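First chain A sits with chain B, and in the next complex the same chain sits with chain C.
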Partner chain A sequence: MTPIEQLIFLLKAVPVTLSISLLSFLLGLGLGIIFSFIRIYGTVFLKYIADGYEKVFRSVPVLAVMFLLYFGLGGYLPIFKDPYFTSVISLGLVSGANQSQIFRSAIGSVGRSQMLAATSLGLTQFKSLRYVILPQALILAVPGLGSEIALLIKDSSYSFIIGVIELMKHTDILRAATRSLVFPYIASALIYVALTFPLATYLDKWGSMKKRELGL
Partner chain B sequence: MLFLLNYSDFLINGFITTVQVTLIGVGLGMILGILAALGDIYGGKIIKIIVNIYVEFFRGSPLIAQLFLIYFTLPALTGIRLDVITAGYLTLALNSGAYQKGYLKGAMEAVFKDQFLAALSLGLPLRKILMYVVVPQALRIVIPAWSNELASMAKSTTALIVIGVREFLNTGVSIVAQTFKPLETYLFITIVYFIWIYSMLKILDIVYDRVKIPGLEPVI
Partner chain C sequence: MNVLECRDLTKIYGKVVAVKNVSLGIGKGQTKVIFGPSGSGKSTLLRCLGLLEKPTSGTIYFNGIDVYTTKQDLNKLRAKIGFVFQEPSLFRHLTALGNVVLGLKHVLGYSEDEARRKAMEALKLVKMEDWANYYPAQLSGGQQQRVGIARAIAMDPEIILFDEPTAALDVELKWEVISVMKDLADRGTTMLVATHELRFAKEVADEMIFMDQGEIIEIGTPEQFFRSPMTERARKFMAKLLG
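After this line comes the complex of A and B, so read on.
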């Protein structure tokens, strides 16, 4: 295999890595928005649950969650026998806890006064959230969400351990096929850098630019 | 879960390894982070470029890939063979140093520009300014970011499974292989991780409350 062919073989696995990251990001986004709203506007009981969820999933390793779901629950619930599905769920659950915190601080910076202003104009609580708070909070959350996607792209490599055929697995296959310990590992590490680097830097810049525009 | 009692020595050893790797990784990473931050702020052009390449590489690639690089590629290129645990320490230190550089640089730069100039005008040499003015305060300010780093490093140590370090999660794998009770075993292990990491975060919260510098709340 020429180095170009090897590189193409590695790049073929990039869509899988990206799809795991993106799906778990979306799952985390949904969970994050719901739980951050609960923690700010919910009833006492719901707040308790949201708080517990955040604390638990911010303090456990994602690989332990994967093992628990894949090996532990997989025997009882066949749906967790699928490593791809299990990876997405585990990464999503952990990411949801992170994103809930990102949104909470973003909503916090929009401020309670805007909520009061919106309700005093006769908007219902839901409408003030939908049209006033959320559009601004989403923009404020962009840099945090950018580094969250970058984190998920990197953490998706854990799914290689439970058997998903993604970039890290292709690296392993390539190592076995070429018997080289140098090229596959360096190339795949650089591919990961190329995937995550633009996200973190570009979204960070965009976020601070928008923030200045909005005067927040 | 009572069957786990038969394996208590085994589990305790694994847990101690995990704690050790975390603390040594973060400790060495802090030294690297301080050096990298100082290099990036006060160093010349070449030092800055080297620091930035180091940081972007180790922040941009997954820990598993870095472990493979240090454990397999480094010996293949240079002939230096590391045993698994040393490779683990080294990788976590390099990884953590890249993250800590960011926090430390933020703390040093944003808050201490004036103090740096003040110290300079008092005639303190650079070494003394860093040792007595900048670093001690930066360390206190950076605690919240640093406790996040400690937690994320504690979680990342599970990646060491790929090169075969006998850390806590890996002891679970061996126990499951003998007992065929994955649900109980991994549930127990996940709960222990939770208790450990959560209490670590709480303790650092309390420490930060004690030593924080009034008026200099974190910029991160």
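After this line comes the complex of A and C, so read on.
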């Protein structure tokens, strides 16, 4: 295999790595938004649940969650025997806890006076959150979400261990096939850099620009 | 019958009695001015009257109906009570137009087109129609306050509460906001205004209410306050304001 052929072989795994990252990011985004709003605006009981979720999934390693779902829950619910599905769910659950934290601080900087102004118009609490607080919190959260996507792209490599054929797996296949330790790992490291760095940097810049533009 | 009225309204924060046994009412078409030193409870009183905060005790009547004991839908009533804040309170992710449209669409149920038309009318009234597509951060403090007023009047409220709308503005910018408020008063808008702009009070107020330490100290016409306040505290404060 020429280096070009090896590189192409690695790149073929990129769509799987990216789709796991993107799907788990979206799952985490949904969970993060819901749990952050519950933690700030929810009833006492719901706050406990949201708080517990955040604490647990921020402390347990992704790999432990993956093993727990794949080997543990997989015995009872066959769907968790699917490594791709289980990877997305595990990464999403952990990311949801991170994103909840990101949104909590974003909502905090939106400020109380915005909620008061929305209330004074007669908007219900839900509509105030939906039309006034959430849009601003999303903009404020963009830089943090950028780092979170980068983290997920990297952490998606854990799914290799339970059998997903993604970039890390291809790297491993290449190592075995070429008996070269250096090239596959350096090449795949560079691919990870190319996937994460520009995106995270761009989102960080965009977020700061928007923030300045709107005076958030 | 008064549009908005409170009786024996008290609001306590922890150990601070912010408003103490205040009773007042604003009739249709009236303009009343509240003034008093910093910390005298003006904002707290207005927030209670705007149903943004629940009084510790006392009663609030909207068109004669006891708001809290008859368990009214507070959001419905809030839509009928306009509120203009002291600090910048425009929604920062929305343009001037978007700020005015939001309540029309999502509270009053206007269609997008109707809401935009009505919002433009309101922006015209405050002379901000040329700035409809600007974001709050692109507007001066005075312009932001005028959009805030447009946002309130677009809802066709029965009364508008103003909480020192010019206090955070430079002298040159105060006037444009005051003049918009004068127009509103002249058009017969029912309003309760916390302000230290004595010229505004003199020209449009039916009644001035002087507060200190959470209590109403004196109520009277602007003439009475300008000529000779009855209480020593009001006299001292007027003297200070008139410099």
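FYI, the second predicted complex is superposed on the first by the 216 of 216 C-alpha atoms of A that agree within 3 Å, B and C clash if a C-alpha of one lies under 4 Å from a C-alpha of the other, contacts with A are read in each partner's own complex, and residues count from 1 in each chain.
Operating definition for what follows: a residue touches a chain if its C-beta (ideal position, glycine included) is under 8 Å from a C-beta of that chain, and two chains touch if they have at least 3 such contacts.
This structure is a prediction, so every number in the text was calculated from the model and none was measured.
Visitor: Once chain A from each complex is brought into register, does chain C clash with chain B or fit beside it?
Guide: fit
Visitor: Look at A:Leu121 in the shared chain and tell me whether it touches chain B only, chain C only, both, or neither; answer first, second, both or neither.
Guide: The second partner, chain C, only.
Visitor: Under the stated touch criterion, which partner chain does A:Ser105 make contact with: chain B (first), chain C (second), both, or neither?
Guide: Neither: A:Ser105 stays clear of chain B and chain C.
Visitor: Scan A:Val182 for contacts with chain B and chain C and give back first, second, both or neither.
Guide: The answer is first: A:Val182 touches chain B but not chain C.
Visitor: Once the shared chain is lined up, is A:Ser208 touching chain B (first), chain C (second), both, or neither of them?
Guide: neither
Visitor: Should A:Asp155 be classified as contacting the first partner (chain B), the second (chain C), both, or neither?
Guide: Once the two structures are laid over each other on A, A:Asp155 reaches chain B alone.
Visitor: Mind telling me which of the two, chain B or chain C, contacts the most residues of chain A?
Guide: Comparing touch counts on chain A for chain B and chain C gives B.
Visitor: Determine how wide the angle is at the CA centre of chain A between the CA centres of chain C and chain B, giving a multiple of 10 degrees.
Guide: 110
Visitor: After the superposition on A, what does A:Gln136 contact: first (chain B), second (chain C), both or neither?
Guide: second
Visitor: Rounded to whole Å, what minimum CA distance do you find between chain B and chain C in the overlaid structures?
Guide: The answer for the closest chain B-chain C C-alpha pair is 24 Å.
Visitor: On chain A, which stretch or stretches are contacted by chain B in one complex as well as by chain C in the other?
Guide: The overlap between the chain B and chain C interfaces on chain A is empty, containing no residue.
Visitor: Contact residues on chain B for chain A in the complex?
Guide: Residue list for chain B touching chain A: 56-57, 59-66, 68-69, 72-73, 75-77, 151, 154-159, 161-162, 169, 172-173, 176, 182-187, 189-190, 193-194, 197-198, 201.
Visitor: Would you mind writing out the residues of chain C in touch with chain A in their complex?
Guide: Touching chain A: residues 50, 52, 75-83, 85, 87-93, 102-103, 106-107, 135-137, 151-152, 155 of chain C.
Visitor: Give every residue of chain A touching chain C within the complex, in rising order.
Guide: 113-114, 116-124, 127, 131-132, 135-136, 139, 213-216
Visitor: Report the residues of chain A in contact with chain B in the complex, numbered from low to high.
Guide: Residue positions touching the partner: 55-56, 58-65, 67-68, 71-76, 150, 154-158, 160-161, 168, 171, 175, 180-182, 185-186, 188-190, 192-193, 196-197, 200.
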